[in-house]
């Protein structure tokens, strides 16, 4: 694993745990964690349960005892590491966003295609596809329970930088983060909308904004410029005539991690909220008229995706379980010789949509998403 | 109408409104309101829309232009007025509780039986039976959608006397109110439980308590003793093997009017909350396992009871509409020559249960409810 | 009152009821209802409680016993009736939308200004400003409890035409309705957003769409073209740097009347849902960190706007009460010699915003809202 | 660890995980798991991450490399193992219920007292005390934010045996389970009520019932008798004048794991639901009157108990985290030389209350809980 910050901690928990709950066709050996700072990576290896550590990712991918490379670094380094790892024959799990530029992302897709031809797998880490509630939502839609999709409305609301004295961390600087709320959390709702409905975003009209333009530098008394978006809103047209609205923001006071998505179809509707991730709301227009209503499905039963591996009915799982499910599915794909979903092409599709959003916000016009790419 | 305080205001709105929304086989003429205070009743007549007023209820029931007597006085006067009115051939709508004593209630039941034989009708005003959501709940149970009833849990939570400096109003004095939370709001949940399930309370074990024993007298600086219960809790056995719990309190800080009832049966469950009176939650065990859940039914559609008389889909009604439905149903019963439900015998049944609760709380033992009465 | 369909029924209930609950400086005399069909208007007068009827609105406004003209007709006739009534010295309550064209609306604003100079009042009927919860929301924002407004997200979701066999009623034909979801329900969320925040919509980027292009004609077997929008989505910039998203649709399966608005400010947030119109959610960032959360305020207490006129704490009101409050406020304005809010200029402001939405949807570009108009 | 079924799996996850997230003064060595079946315990050791296994608990407690004995067996064996382990100088974590009989429980309390004098610690596993939301609730009450406690209402609702064809598993046989819903889930709500409020149950009036009297035997076609309660309901008086109601049932169709508790005090109220375990509802009567309401506190912030060890704001934890917190607190107590809470005396206190419930249900009278025991 490369990187051991927030995502590294979450992925480590997944790797440590997956074998205790799921039946796997192989044993997980947490060979090595990699980071540039020797002291830091040493501590991380011990704390997070990795057998050894490396300070160079190139050294990591040369090791014979490494079969899978899990990339948890910032987006700017994804392309280089992932392509090298795939070309070296290592399966790759790469955190989202796939890359910070379209060109890098496209190169990654090509590397993944080359690798797939040799039986080497690549997955992008949109972990919110791996919750029982979202998989159930996907399955209900795939079964036609919603009929023709008419509306998607998706928001991802946080509030961690409402205070103008919150410091200018790296996520607020374009040169490091690429974008702000758009790429960080907007990516999740675009991916989830496309995953759940099976429909792609075709064109967008967007606005982005930055509410607080200067913030204290973390290490001294002076101030620096915020160079990313605090919020991104866009309306969109999807495949098949559906319309959608999206909003990502870090200024929704009181909303801590409110990824919410509602989908209306001709035969039913679904609603999901990450702040209640064990629940799914489902309206079925096939119910008798006088007893129709949104059902609060507690997605904690043995019949639900992934749940039987965990606890008895009605016992909740948490955020981190999405990663455990993610690595479980990757390992099964590796064992079965199948390409993971979402693969790099799916990640690239999300990048294309986000790129269209950024361009629309800049030019003030509708921008089409190029979905005819050879990918 | 006799009495013009809170209940009188609510009933007046019902009488004024019923003809504007429902098709009735007769015209409503709001002939007279009655009260002892001449100035007060004069103002009430004008404010509440009554054509004339009387200061003696005996004068009221002698009037030829009065066909229905609506009794909105405190419980201590119900028996005398209702029996006289019925014997005078007037249809009667009597607010709950039916009476303050079992003997009075029994006499009223007998008067209603005599009256019915002559085509004169008597209804007791348990208005919460007249909400679209509660009627829908009743109908779902009657259709067998819940299967065998196992559990009822009902609470009625208010908080208007939490402050120990709240004055010693008449509702807190036994000689005037009969009892406290038990008779005032406990009566509603007993009636609603019996109405919804069709099962009677057979035996109870209860406790009652008074948390604040002295309060300021309304009109001077001294204090007087609170002589009624602040809260009543009881567990119960119902017909057919179901068990139940009930709680009525005026000390549930933050709960303003939370009449909540949940019913679990072998095939499904229902939950209702008066603070969201346009909604009913319904769990149907016949749904496919993976998409089962409590449905929030918005009981505002034309298919739902009473709703088509009001507004288009999704438009909420309020508390007072329950009274409009009540008088509409009474008028239809009068026109059709049928006895209203709940009649005085139903009100008597609730009184018997509350009496058993009070005796159980006093003696610390289980007390049976006499349901074999000749009524 | 001119017109006696859905809005006419709601307004009639308000006129009948307002004097029974509120202290007014005048007596309400429901002089006459007006409609072109003699049989229909005769029945309406009786059913809805009007003393007489007219078949010509011109006759109505010439009557000496008419002081207020309440216009509940389709939008296409608003301008002619309202201007004539105001010029005849009658106070006017005009249903929204103010008019079907900008030119008509502007003429109405001018007529209202002329009338105001002579002490004659004009109000536009955005009734959702008159709910206790929305007034409370407005007041909290006006008191600065939300700080600087950053986000508004407002939707109005209905589902009454999801079925493609639902007939081609007049609301689905442009020549009669002007527009579809946009003008009918989109108008409400634009007005409410502007009312609550005190900020105007300055520029919009919009899409509108029609999902079902042909529907059965109501009276025969053939089909006709739907010529209005089924849905309208737009993103917007408001005064003061806030951003907003809006969506109006009649295709949100399972959502019956879901007018929802959430507002995020630097110091707090609010959320409201018309399907739970007695509640307001409020997040106060001034609360201690560890006990912060969205409060579900049950807006049914004597301290809340309008509530003390109705029932004791915790007793819900319904949809129609918004109209009772509306006419009460109009009558007080007439008595006090003050111009009502929202006046015709406010209605015109909403029309300008909706016009910008329609033009943006047509041209695919951002369109500014002209707020420098001499109005 | 002794036992490796449901509780054993949950505890193993806690032991595996605690060191990865919390800073501990010692290293966790998962020395050995113990079970009677050699094949089963061998598989369990591998699957659950234990270094070795034993087939005799006596062998386990003799091992020098075992410092803590974690007892996850059925209640009938708790006393023997726990007393032996404590006397052997091993710290003990014992699952609830403490024991199946009062005598056994008392002996365990005495053993724990002897052990404590020698620096050996004993904890009973009421894991629901270890959720951020319940600890926050406890702390708010301890700070006086609720004032004087008036009401507790607690239910634990499940539905896993509603189907009469569900087999006669050991939990439905008295000789093995001791009791049914009462001891299994009723124990949790009694403990939680006492923990949160700091008040003990003093007297109870109870009913228990069995709805389905015969069930299929798991292994053949015949049927056997259900010998435990399907449900237990009781009302209670607590210290300090508070009153309470409790209900435990396995027949609440649609409720999967609904441990719900609401507490009303003179200054505020709290409500918690295990099906939404990351949330706490709090009503603070000190808020301004017009903006009072139950706050939905998302208990996922760094300021909340245990949360900073896990994920950023707004990221949910699951059921199993309660056990991780439990073992973390036990390890800190061992390191600091302090007796854990809840200790065996607390577990004994719960047993006394449950015993009173069972006796009250049997005799039909109020039964006092002996809280004057020398424990």
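Labels A, B, C and D are assigned to the chains in the order they are written; within every chain, residues are numbered from 1.
What we mean here is this: a residue touches a chain if its C-beta (ideal position, glycine included) is under 8 Å from a C-beta of that chain, and two chains touch if they have at least 3 such contacts.
These are the chains along with the protein names UniProt gives them: A, B, C, D = Gfo/Idh/MocA family oxidoreductase.
The structure displayed is predicted, hence computed values, not measured ones.
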Contact-richer chain pair [B-D vs B-C]: B-D
Most widely separated chain from subunit B, with each centre as the mean of CA atoms: A
Subunit B-subunit D separation of Cα centroids, rounded to whole Å: 41
Between subunit B and subunit A, distance of the C-alpha-averaged centres to the nearest whole Å: 54
Between subunit B and subunit C, centroid-to-centroid distance (C-alpha), Å: 36
For subunit C, residues contacting two or more additional chains: 255, 292-294, 298, 301
List of subunit B residues in touch with subunit A within their complex: 136, 140, 145, 280-282, 284, 287, 289-298, 301, 303-304
Residues of subunit C defined as touching subunit B within the complex: 6, 10, 12-13, 16-17, 19-20, 47-49, 158, 160, 255-258, 274-278, 298, 300-301, 310-321
Of subunit D, residues touching subunit B in the complex: 146, 150-151, 153, 155, 157, 159, 162, 205-207, 209, 211, 231, 233-235, 237, 241, 243, 245, 247, 249, 251-255, 264-269, 283, 285, 292-294, 364-366
